[in-house]
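Okay, here's the structure, questions in a sec.
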Amino acid sequence: MRDAVAALVRDGDTVVIEGFTHLICFAAGHEIIRQRRRDLTLCRLTPDLIYDQMIAAGCARKLVFSWAGNPGAGSLHAFRRAVEKRDPPLELEEYSHFGMVARLCAGAARLPFWTLRDYMGTDLPTANPRIRSVTCPYTGEALATVPALNPDVTVVHAQRADAQGNTQIWGLLGVQKEAALASRRVIVVVEELVDQSVIRADPNRTIIPGLAVDAVVVEPWGAHPSYAQGYYDRDNDFYVGWEPISRDSAALKGYLDEFVHGVRDRSEYVERCGGLDRLRAASRVCAGVNYGY
Amino acid sequence: MRDAVAALVRDGDTVVIEGFTHLICFAAGHEIIRQRRRDLTLCRLTPDLIYDQMIAAGCARKLVFSWAGNPGAGSLHAFRRAVEKRDPPLELEEYSHFGMVARLCAGAARLPFWTLRDYMGTDLPTANPRIRSVTCPYTGEALATVPALNPDVTVVHAQRADAQGNTQIWGLLGVQKEAALASRRVIVVVEELVDQSVIRADPNRTIIPGLAVDAVVVEPWGAHPSYAQGYYDRDNDFYVGWEPISRDSAALKGYLDEFVHGVRDRSEYVERCGGLDRLRAASRVCAGVNYGY
Amino acid sequence: MMATVAARELRDGEVVFVGIGLPNLACNLARATHAPRLLLIYESGAVGAEPERLPVSIGDPSLVTGSLMVCGMADVFQFLLQNGRIEVGFLGGAQIDRYGNINTTVVGSYDAPTVRLPGSGGAAEIAIHARRTVVISRLSRRAFPDSVDFLTSPGHRMRGRTRADLGMPGAGPVRVVTDKGILEPDPETGELVLAALYPSTTVDEVRAGVGWPLRCRETLREVEPPGDEDLRLLRDVLDPHGLYLRS
Amino acid sequence: MMATVAARELRDGEVVFVGIGLPNLACNLARATHAPRLLLIYESGAVGAEPERLPVSIGDPSLVTGSLMVCGMADVFQFLLQNGRIEVGFLGGAQIDRYGNINTTVVGSYDAPTVRLPGSGGAAEIAIHARRTVVISRLSRRAFPDSVDFLTSPGHRMRGRTRADLGMPGAGPVRVVTDKGILEPDPETGELVLAALYPSTTVDEVRAGVGWPLRCRETLREVEPPGDEDLRLLRDVLDPHGLYLRS
């Protein structure tokens, strides 16, 4: 992870660490904090705790997002301090979920914009002039548009990939495929590195082709406190516990010192958490299908 | 199948029977021929043998397509006679594969058009004035557009579904998902009807949700002479053998009389073919994945 | 009470776009009682979820395991929501105004907010595309201002323009379920009016929690209280740890 | 011979959009010889296919079994081809003209054709988006007219306009592999000129199969004939039934 971030994430980059609740790569976020990257434009539908931490750590110049809360547990207070008290100042570019999804679709399709039926009557286009409209060449009606999002680097966490980055994900898929294919550089972080024969045995599970991947990093538990279907459960206590930490900037700094700057890598982080076996997934293995002919 | 076609396919309908080489539902096409539907607008990327047969049978008023050949084996001569000799006359609306795919994406997204970077310098927009262009509200560049395709009825063949039409497909996926979700009515034809627990055991394999499906028909071998991954191989000899049959309208009529009008249903068709066990798939079952948490 | 009333808004077999919290409770209560065939869709991509535990987030792994389909979010928003497949959407928010417009973005001005809220998430498009929406919120002058500070999710009248004027596919908020009664849009003006009262609450109590001169229907319905079975399910089965149920 | 020459156009590790027939043979020959890491993508959605038999169609099940990824065609065309991931595309056609424009639609007029051809399929977008294309076709005046009856897939000059004028991402046809020699575009004009001759063929033989006054490079390369190993692979391993190989 250290080498991948050092080589592929640069100051001033537009960075996407995707994963909708599922497979959020905290391991990459922590490494970016440790390497003290600055002036990043952070993009995610849901900034979640990972961007709250990166904002608190001073990595972010700008945030592009659609829902900035702590799911089921409260607020992202580092984010709120930045917006409400300019501490530190943070530029915002705001969409709805559909708008962010559409931006990544356009990016992955290498089109300059994407069309959607949305935003009429809302204040979002006023708050964000990059939400525009286009006239249908067939019906003449006006439809909303959002501009393509083409990140400098995207980090995708996955259950497994081969050494070339052919990546398989199951459970919630979010927008990982679109984000990876929209990006100039792609880092795939996996729970397990598998032999290519495992990928080839079930090609319909492959979400991201290796031809789009620049680095594959093996980082078990890399998505904690989010989860990896089939590997470990979401650490809901951590999300609930984040509320008081993030409320208090001293406590938040203390957290970063202990769990991010204070550890060398992910395995030390897992130790520091006192091990995470309590979250290990139960077994619910599905049957395979026949690819014969 | 008889009841599904009787209830859901009407004279004058716009009909899509999709499946790119894989899972082409000949069983539905044959039933539509047997029920002597007329004035249909037939849409497919590759009309393939099934639409060549439906054109010869007099079901089609119009063809919307992007590649009309017999893959690796020659021409679709009923189609060619209709176009070259107006025997019978057939209206054409022609795109490229990408254009047809984009039309179904727009249909499934319920947008009036889809944008693509295509067709510059080609004669296709001249031959088909429905290929137009739109100006990007961000870059000012002109991009190609195609209009949404929203069929009256779409037939999708699949390996398996539950009684509510939650449909799982593996192997080549073509544009089945987009076609089904773009359509007013949807018929799913499966090799196997499975208990819902089979679907729920591996939800990432579900391509079409039951909420979009109007009828589920169980029709083993329903895709022959095309194939069903994991069930039976493509009958390449049949495709090669089609060339002389389709070349000669008498031979083609003879084929329809014997194998379509001359049989009551699919099981009689399979008998008439002398059984198809030679095509039964070998076993290449993949491992399952863990959905536990 | 709010969960029970919201649950009654759901008919068996309907396709519901579920948010977390009370809506999630309401849907699971409906499934456990009068609407076993309710189809739950979460914006995270889980379709036909049958969670074995009360999901804390809309992306909880329990929504995936045993669901009917899991698809990417591009499919959820384009091929299901924008496609018109969602019959009911639940919405909530920090501010709901006279015309059912919802604000989940900021309190105060957008550029210098006194309180920065999470933002739209999927709410804007749910409010536009779901065939109808049900809004759930506790009454208070703060929560029900005459007009919202920021219009995140459109209701029935946006700066004088109607949903029809703006070409919105869905019917918008047909019910606003509060902790004291139910508000419904006036068919003519789209203004929210009091349509039903909970047992032993008064019109004045409701008016006290609304920031505009609230009008009432000629005849106010009285809302049935939750049955014992509803209460048992909610307290013992659906939310045993009182995650979402206060009173 | 053509398959061998086409195979040499491929560098190891490249991403190739494969059509059926000779291109398919050429790709598999390249994989079996100098380019084992060639990544084959078929428009049907199979990525990294390693067919255990010679596929008769681009949707053959053998392209799926054991491939690296299978995706829908919307992803193939939007997220791979239009995305710019395809380095080499193979094209063929009934007519190829002076500027490398290809016709696979009609012979004669579009509305009343003497011969109706299959149409574009994916050829138009491959010709536009692949970083470079290689065209394979046997020489004849019918197959190489001065200008095509219908422009299905753009080459280097379309009614006087260049690829740059029209904003095409890819470089277009960099080689036209025939049964007698290799044509390449003139860097200035985009007109196809003779660049290389097969052993024991003459410039006049090539000119006889081309419908315009064919110009030649100052120095013509001589094409290496297929090695014994190439021939063995093609005849005994890759196309034992002579499905695609005539001479």
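Should a chain be cited, it is by its letter among A, B, C and D, assigned in written order, with residues numbered from 1 in that chain.
Everything below uses one rule, namely that a residue touches a chain if its C-beta (ideal position, glycine included) is under 8 Å from a C-beta of that chain, and two chains touch if they have at least 3 such contacts.
Note that the structure is predicted; figures quoted are calculated from it, not measured.
Student: Going only through chains that touch each other, how many steps at minimum separate subunit A from subunit D?
Tutor: Minimum step count, subunit A to subunit D: 1.
Student: When B-D is set beside B-C, which has more C-beta pairs in contact?
Tutor: By number of C-beta pairs in contact, B-D is the larger.
Student: Report the inter-centroid distance (CA atoms only) between subunit A and subunit C in whole Å.
Tutor: 28
Student: Just curious, how far off is subunit C from subunit B if you go by their C-alpha centres, in Å?
Tutor: Centre-to-centre distance between subunit B and subunit C: 40 Å.
Student: Distance between subunit C and subunit D based on Cα centroids, please, to the nearest Å.
Tutor: Going by mean C-alpha positions, subunit C sits 57 Å from subunit D.
Student: Listing for subunit D: what residues touch at least two other chains?
Tutor: Within subunit D, the residues that touch at least two other chains are 46, 61, 64-65, 70-71, 78, 82.
Student: Can you list every residue of subunit A that touches 2 or more other chains, as numbers and ranges?
Tutor: Residue numbers touching two or more other chains: 110-111, 116-117, 141, 170-171, 173, 177-178, 201, 204, 227, 229, 233-234, 281, 284, 291-293.
Student: Based on which chains touch which, is the overall arrangement a line, ring, star, complete graph, or other?
Tutor: Graph shape here is other: it fits none of the named patterns.
Student: Quick one: which chain pairs are touching?
Tutor: A-B, A-C, A-D, B-C, B-D
Student: Using the touch rule from the top, collect the residues of subunit A that touch subunit C in their complex.
Tutor: 20-22, 45-46, 65-69, 71-73, 75, 79-80, 83-84, 94-98, 101-102, 104-105, 116-124, 126-127, 141, 170-175, 177-178, 227, 229, 233-234, 236, 239, 281, 284
Student: What does subunit D use to touch subunit B in their complex?
Tutor: 20-21, 43-46, 56-61, 64-65, 70-74, 77-78, 81-82, 105, 110, 113-116, 118-125, 128-129, 150-154, 158-159, 161, 163, 166-169
Student: What does subunit D use to touch subunit A in their complex?
Tutor: Touching subunit A: residues 15, 39, 46-48, 50, 61-62, 64-71, 75, 78-80, 82-85 of subunit D.
Student: For subunit B, which residues are in contact with subunit A within the complex?
Tutor: 110-117, 130, 132-139, 141, 143, 145, 147, 159, 170-171, 173, 198, 201-202, 204-205, 227, 229-234, 281-293
Student: Which stretch or stretches of subunit A touch subunit D in the complex?
Tutor: On the subunit A side, the touching residues are 108-111, 166, 177-178, 181, 196, 199-201, 203-204, 206, 209-212, 291-293.
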